[in-house]
């Protein structure tokens, strides 16, 4: 089988690097173009990028020449966008219009009514929203968004609970990794021996995005889930992996901890999303130890795509509380976009 | 004025060191004895202690000879206890019986009905519970406890809100410093690039202790405050200073953020506790920046005795949310015990 | 081909864990026994070990039952020793006597005249010292040692220089990772915002061990290389990967930096050690950037077996200076012992 | 006594902040002007500066209005310069010409033949070089430089050895703190779990500056000390305090370790520099523990002005080796400039 040519926009940044790493030897995709800002255009990737991952730069990328992030310069059926939001807002529709399936990590179109906000293991069926998008916009391509890196893991855990018991209220406090702020991102002087108890705009995203993903696609529109969220976002001295303390009120009379744990363990992605190359295996991994999950030890569970949950216990105010861990640049960013692209392919939604 | 002779039990540990540091040049107290475990007895303090503070060991302590933690060896009117809980449970009553005012940092007697759990800027009047204690036990001395280091700052902030608006429910997630685990405490391999989402026994303490401190002393007994708590406790790579994200439901119709901020700013310790040498000045410091308080920058506010609050804002689930920071080994441990001792002295509650 | 049964002594510690991880799917070896201290004997490995690696515990190990570290309980042709030195000193000869090839990470026998101290990419021929060892001791098995984790990388770099130009003097300052101290090892309170400028016994090891490895095997005895060393050892807040700043005086008139760089790049392991499963590929990786190698980014070069060198430049006092990085628990510990075992097998030096 | 009005150029940066902190309640100086870049001009200092110190912003600075860094806007007899080098190069002579004594932390004029490079406890007599400077340039003011933050502590330790035994060769490896890079400086993603084995331009400075400071002022010119240096510079995850491993060859037959230790302990600043308000007390503090000095524990020795030395021992290659610690933004930057200014005042070298 010929591999599908894909491109990465914003290839030199930290999420771009994760795309390059995860697409190395991908069974379906082949990286055909790396695009970045004008400053880098014309350079070899190995010159232009300051590589920040602890896995080496894949050989395929080293000699590729950076091209501009324009529809003229980039020829690919799938375009992974690691662009900053303002640029993404302008460029992504151009690529969609030109026929590419844009799998975006930017926040620009997450709230657009005809853009699916996708975690395939949660709401694979929302992919069909792109039919309305194409009809609205007259595009042959499309835009598909993945959620904010903190929304991702939290929503997977909530989905398992919502399916089994109904979720009504969620209180969540995040302790987020540095890679979520890009490179150079947070100053080392702000992070050694410190916590920063805020991340601009993050709380609003995490209070809204899960409602779209846990909502239903009815008559070509998403009905937001009727769940109330309160979120506090913090930055801590962790390289990768967002940890979230969550307390949840359920619709049903609260079951015991064991029943809840079983629901989390038993959760499976929808059939359409279960066998894809990047599908997390398992979707949720439940840890039983008193002090897990921990980002350093657990973030690479299921190659960084699995949502890890631990410390499930009764909550004195709501019903249950637990801890969620998710790899923010794999499940919560580049890996998530690739998983979305695989879903598009498997559903025959790419333009020929 | 002759200074009052005081002793420190558990003087070589990290809280013991903080006692030694804070009692240097104290206007009322003079350290007359340093007691520690058998292994250290007979050694000079500078030999026996592995000093872990970033302020130097005070000169007065260096040449003191460690004595056993027994009523025979320790002669002092006030005894500061930085003992481990099991040992505290056994030894503190012996000292109280022998006539000493034991100001304890251990958790052993915090839940005892006749032991005041004190934050003078919150519940100075609870000090009078020792009259019942003395009558119950026949002691000429007494035991006074200070709360868990996470309960301390949280309770100060809640007190200001409770006085102004009534507090009904509290959701709190802590990001706690390493010094709270003592020395050597947490392994560096568990803390670099990591978060540990649990601290044994901590959540139960923080869900209960504020209720005692915010309760009323009625007819010689404490009526626990009718407030529900849900707490998640985490350990992060911070040396000193516990950060807490809190969401609170109030009794009254929720006032606006400015009114709440004013109530926090305006809060004052009870008159009896306001002018003592260790009284925090101010009791609460409200930060207006979007990203404060931060432990490294704010923990030494008011010499480490002030509770720092920031990010006051509406909470979508309860009424308000905010961040609290408190120095865990100063306000939350040694400094708190010294403040308690000052209250005892100022209220003429020491035995002559 | 039937795989060779191997055992790990000290399997629950941090080096033991690295053995378990690296032996997962090893082409030649199969783990037949995991031995640890009495406290763990009889437990499943997944219960007994507090796993500290950021790669998951291999499935094969989880259900294995820990056995005592005795020749009765452990049946294996190769025994990997991650024992503490005192215990290693006692037990390793027992296993050698019983016929096992003991590949040891302990320091107990590194200085023994008939024990090869091996880095196969440096001194594979020293393996033949075991013939004298067997004849001396009457053992059917043998003991083969790998060097201290700091000596390892430094010696590989020096070997390339010594072969090309002769090395006379070495000044080296290490910045060593926490995993070198085992678990729990260094307290987090000693490591956040800090450097510890000493590691007990380390400097003496690094001033001596390279002389044995760079020496010649003549008439069944090692002649120590005539090189003078001065070493300073430091502990820094890094999880894995020892960084060494080295300045070197050469025998020959000092060549230019480019010639030296070429010698480092061109270095190859001796033929006998070049094609083994754990052979580093390449033996030395030379980085040209101004700020590399860095432990987080470069420690996994060549699966953690490659020695990474950078910043080669003139030294104003001696001849040249450079930076060396080596993964301390892979190249410098478990991976090194496995490489040694592979050399034994390929040289037909195992007992049948 | 009326205090002398002083100004700070570059007041909002991290060194500028340290100036503001150290000048709080200074017995001789009063801060009359805070100057910074155009972006900040006209704002209150508390608005303009992102305060990064863990001691609070002094009250006096909060309401001061930032002025431009020009001789028109800044009226002060002493000007402390925390400017970037390019700007310092242009502006400092203007201030000197206008009559101010410029005490500079920039590197621009450190190598100028008529600019004293000063550590008063080392080479207070070099201050008289400004007479030649004034005569050369026709200035009524002057420029006095303090050395690079790594040169500072190293040079103090070398001075004690040079006076007692003569110093011939120095090998030094630094592990430098983050505050030396300013704010935001080094990315947290480069510093968590990492070491950066290079700091641009640093090694050249530390190989040269001590030679000027240890040189002699003869006939109005400095003769560089005849000492050879080799330096490796590294950045580590420490907030404040540079640690240096040094090996030294002496002129005299190497004395024993005790004699060397005594020389370090006994070292005193020249009489002219001994009683000034910022004089370190003591100039050198010798630690005897096996694992000290450590930056977190020892950097504030002597209010951050003392050079701390430890681990004095024989060096197998040269003569002795030891560890030096010095607070980089106090002794190595702002505190050093203030100490220089005090020397100018005490020597009656300020213009009236």
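In this document, chain identifiers A, B, C and D correspond to the written order of the chains, with residue numbering beginning at 1 in each.
The rule we apply is simple: contacts are C-beta pairs under 8 Å (C-beta built on N, C-alpha and C of every residue); 3 or more make two chains touch, one makes a residue touch a chain.
Given the structure is predicted, the values throughout are model-derived calculations rather than measurements.
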Fewest touching-chain hops separating subunit B from subunit D: 1
Farthest-lying chain, centroid of Cα atoms versus that of subunit D: A
Intercentroid distance (Cα basis), subunit B paired with subunit A, Å: 42
For subunit B paired with subunit C, centre-to-centre distance based on mean C-alpha positions, whole Å: 48
Multi-partner residues of subunit C (each touching 2 or more other chains): 52, 190, 192-193, 237-239, 296-297
Residue ranges of subunit D touching subunit C (in the complex, touch as defined): 169-171, 173, 175, 190, 192-198, 200, 207, 228-230, 232, 234, 236-239, 243, 245, 247, 290-297, 310-311, 315-318, 321, 323
Subunit D to subunit B touching residues, read off their complex: 51-56, 192-193, 239, 296-297, 299-301
Residue numbers on subunit C that touch subunit B, as the complex places them: 14, 52, 178-179, 183-193, 237-239
